[in-house]
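By written order: A, B, C, D and E. Residues from 1 in each chain.
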């Protein structure tokens, strides 16, 4: 594990340096103006200059992310279990989950705001709408592709549906679920930012990063805009990091994505 | 009052001698494949220890799965404990042909699984699992995950699991195939000892004629393509049998008899 | 000379692209009129009007030369210049922005000051918003603009931003009455104008000039003459525009003297910048902290000497 | 299969009727005005009335969807194979894939339009950005969780990396890949619509459904707006349907999500 | 000229008699677990047919995996074909303890896999696979997927797969454990016949003493905890051995000898 941690830091850093070098080079070679692509140092400076706005935006967005993400996970897991529990639920409900997923948020937004009011409530609903489907799709697939032989085993010992779900399908679906979770984690800040621009409150301490991005963008504060984008990424990384840790904790002992020797 | 009691006892006895598993002209075909089992008749009484022996792929595992109601017959009738196989309430223990362990559970947890499914509390489960672990010689491996176990160890965990619920009917699909002779003989004897206490009925598949003769009261020799019961051989050595039984010349003779039956199954090929 | 223009091949014409700020609509009518009536062709131009109905910023596209001309407000161009985008204002086609605040008539709103304490759906990024908050000192609860009318239609207390030439008319079609106040009445009063990149102007002053002249001609014709050629062209590329609706739009433009005002006795002729207004706008932006101090109103930010006949009263230094 | 097809139609239809009933009931009970939620019949009528606009928008959007989806699949598969091929690629590159994924499109849009011009090119890039990650995350997880014993088998027979990928990791990752594909398929129309509103051309035959949605929304043609949303869903269903068919074709013979008896 | 030729032939002979696999004080420990193998010395010459026999979980599969370089030893030295196990170029055939088939490939495709990996064209592969399928008695099952096969059938596919490349070294981990006696004896004889043609060296794990004696030239008896080679027994019946060999009283004696060695491995427990 010790060696791993060094490796897991060294490689991204090396690649980061490489990317940054290319970045500078591209700006230099193609004479890309600052309003198209600022240099990393300009972004850092802008980030420092705007750190107050960014921080309060980040806090607001993080709150929306946390609530939206947790809601997604809970609803998605419950829904997946329902979908995997019976053929009729799968056939009957899944198409409507898809419709919900595929309906453009701009159409749903007025209804959402009507029911949940302007602000955090609606933002988290929008975050939820964007995040929940990858978890549902993955978890459902995981729950439905349980090893036949193990299902036989549970049958022999007269496991009821509840037990079969809890002790067999769910552990078996873990790798799928965690992958869905990782996708959802990466989508969370996007969802929250987008929700912010659709249903947020656009002022003061209640303004999330979505608001900040729109304002920086229209005011052409491009380096600050990138700083905001990276702040959003940073929030995303916290989520992805937590999911990765969970993955490691839950699967390392038995799953083939972690091999022993 | 007394008469009533006598009636109950009689009924009890009758029930004890009654058939636990019965096949009536059972045939099986997977999807649109060929006929696998052809019109099998089979009767297993409570307390029987029946060995199923026959060439590879003749349908032995299929018979076991039918008894456990994991698959359904294409035609014919199967009853288990008097009722339809699908709604029988007899407790079954099943050792699958491959170990079939939960990869995310330790050996101990795997053994305790049937008890967990029967809502037995954890302490009780752990106690049973530990006793069974030492019975199959795996006291040291309680907390290992399946991928850390050798082939024979996995099979032994699987055997221990099947025994954990003190089942009424034990279905064993080559439970000792992956074990060395000594461990195998050992476990054979353990099993017979346990049977005295737990009194289950057993239907087991084996490729070892000696094992079949040592363990069972009846041996069913199957033929293949399609699977049929070719011959039934009764083994009447008294239980409990011990390692001394093996040295009995009659034992060797019985082995020869079964072997010959098995050889004549194939016919010209 | 129509004979000359008709004999001119498209290949002889100079191709230029005008990127608009929304889907084809009568608010762009003068440009379509110039296109439909061949004014651009006469000026030697093959103009492509590209609808820029996007939530992403178009200024960089003009600055980098992806398109030749863009539509925007003078304040956003100034902000762009202050962030080192090499942009130059060419001419305004609306002396006043159609951007306004819309509310239900039942509400007691008479002036912008009455918005104090209300929830308002508005583009938070507009300079107007900053102006109302910081200079006018209004306390507004801002809701991001979603360009939809359904909340307005269902909520009697709802207040939102709109184009005076568009949303109120749509609502009226559905039988919903509205009250409107132009945002320019706040005292912050930018132009809606055409801008180009410094580089393009420096290299092609005659093209820019030809484009400006032809466009202004189109606008004059569109507002004062028969707008039908433009309207038919618009309807043919945007099936959502009906003649009835577009005529109502033109009426609104006239009613609010958006393009020019010859009825009122003030100097707001079509296509003309007023330097003092621009200077005032810049000062207001500076006060709001929206531009850096480096910007000045001069020939390199607004190409006012390009059309000297419009500026016979005063020319910038 | 015959019985299945009946079931796979009957259940969704039954549920659909149920939903529609609730829909009418809700409108009736809560007196929801048409501007918030029109009735299904209003939507159908509006759809018929606007069928020309919807159809041409749908065609345009479908083109963007097809190109975006196909690009996502190709790039995502190649990227996943790279990520699964070596530990350093995974550790070095994956974080940057995440950054790309998590950077709000509004920030990337100017760069995208700068490089790919306004119109179909940029729309498909945006569709791509929205769709590719679920495929990458899933396929990478699938490729990395290959059965250890089968890896041993390939080792014994001296399979080179290329063969191990082609004959072992890829078939093994199929269920994961197909799940990612299903998520991407459901995201595709959203991506194309969003791309349309960010980088599209807003007129005539070049206007996609994103344009239609924004216009209907700004003109308060609410039933028509819903009709447009359902048109987008219909496009999504075609994609999801194709993926489901692929799933069935590829896995039915051997995977536990399709059981034999 | 003649002398040069003689030299080549000599070299050839020397090479043929040279050691193919050699273990030198090899120990193995998994992760932070206990010592599994303890200082094993082992020499397998080309052409040897070596049986590995010992109690369950003593480390037999571990030895095979070390030879195939699937795991690395904790200490000691392993050479295969003269070089390090990790860069040996000897062609290996491996029958794993569980069948280890690709679930998405048919029986025939599974058998052809090693050839596919060796870039052999499809027609050739199919021909070899079909011949091997009928060798293991699975001519009918060519196009079945693993989940449609019985336990014994899967194992036979796995054996056929290991033979497909005509390997130099055959590693067999209880290849016949899941088979009935007749099929087993059959395959045993087939294997010896094939050996005359293909001339591989074999190291195989079995739990059947009779099988070990019938097939091998040397039997290594292992003891457990930690795994060591407890005794080596040479079996010097001439090849080819046939079913007649089984009736030879010396054959029975050998079996007894090995059995006794195996029994004495355990000691008091």
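A few notes on this one:
In the analysis below, contacts are C-beta pairs under 8 Å (C-beta built on N, C-alpha and C of every residue); 3 or more make two chains touch, one makes a residue touch a chain.
Just so we're clear, the structure is a prediction, and the values are computed from it rather than from any experiment.
Common neighbours of chain B and chain D under the contact definition above: A, E. More C-beta pairs touch across the A-D interface than across any other pair of chains.
Placing every chain at the mean of its C-alpha atoms, the farthest one from chain E is found to be C. Centres computed as Cα averages put chain A at a distance of 16 Å from chain D. Computed from the mean C-alpha positions, the centre of chain C lies at a distance of 84 Å from the centre of chain E. Look at where the CA atoms of chain A average out and do the same for chain E: the two points lie 50 Å apart.
In terms of their C-alpha centroids, the spacing between chain A and chain C amounts to 39 Å. Under the contact definition stated at the top, the residues of chain C that touch 2 or more other chains are 56-57, 60, 64, 146, 148, 150, 154. Residues of chain B found to touch two or more other chains are 30, 98, 147-148. Among the residues of chain D, those in touch with two or more other chains are 35-36, 106, 110, 114, 148, 197, 214, 217, 255, 260.
Residue ranges of chain B in contact with chain E, taken from their complex: 30, 33, 53-57, 61, 97-98, 137, 148-153, 156, 173-174, 177-184, 207-209, 259, 262-263, 266.
Across the complex, chain C meets chain D through its residues 19, 22-24, 50-57, 60-61, 64, 66, 146-150, 153-154, 166-167, 170-171, 174, 236-240. Those residues of chain A whose C-beta lies close enough to touch chain D in the complex are 7-8, 11-12, 14-16, 19, 36-37, 87-88, 91-93, 95-96, 98-99, 101-107, 110-111, 114, 133-134, 137-138, 141, 144-148, 175-176, 178-179, 182-183, 186-187, 189-190, 193-194, 197, 210, 213-214, 217, 225-226, 228-230, 232-233, 236-237, 240, 255-257, 259. Residue ranges on chain D touching chain C, taken from their complex, read 33, 35-36, 52-53, 106, 109-110, 113-114, 117-118, 197-204, 207, 211, 214-220, 222. Of all residues in chain B, those touching chain A in their complex are 65, 68-70, 92, 94, 96, 98, 100, 102-104, 113-114, 116-118, 145-148, 165.
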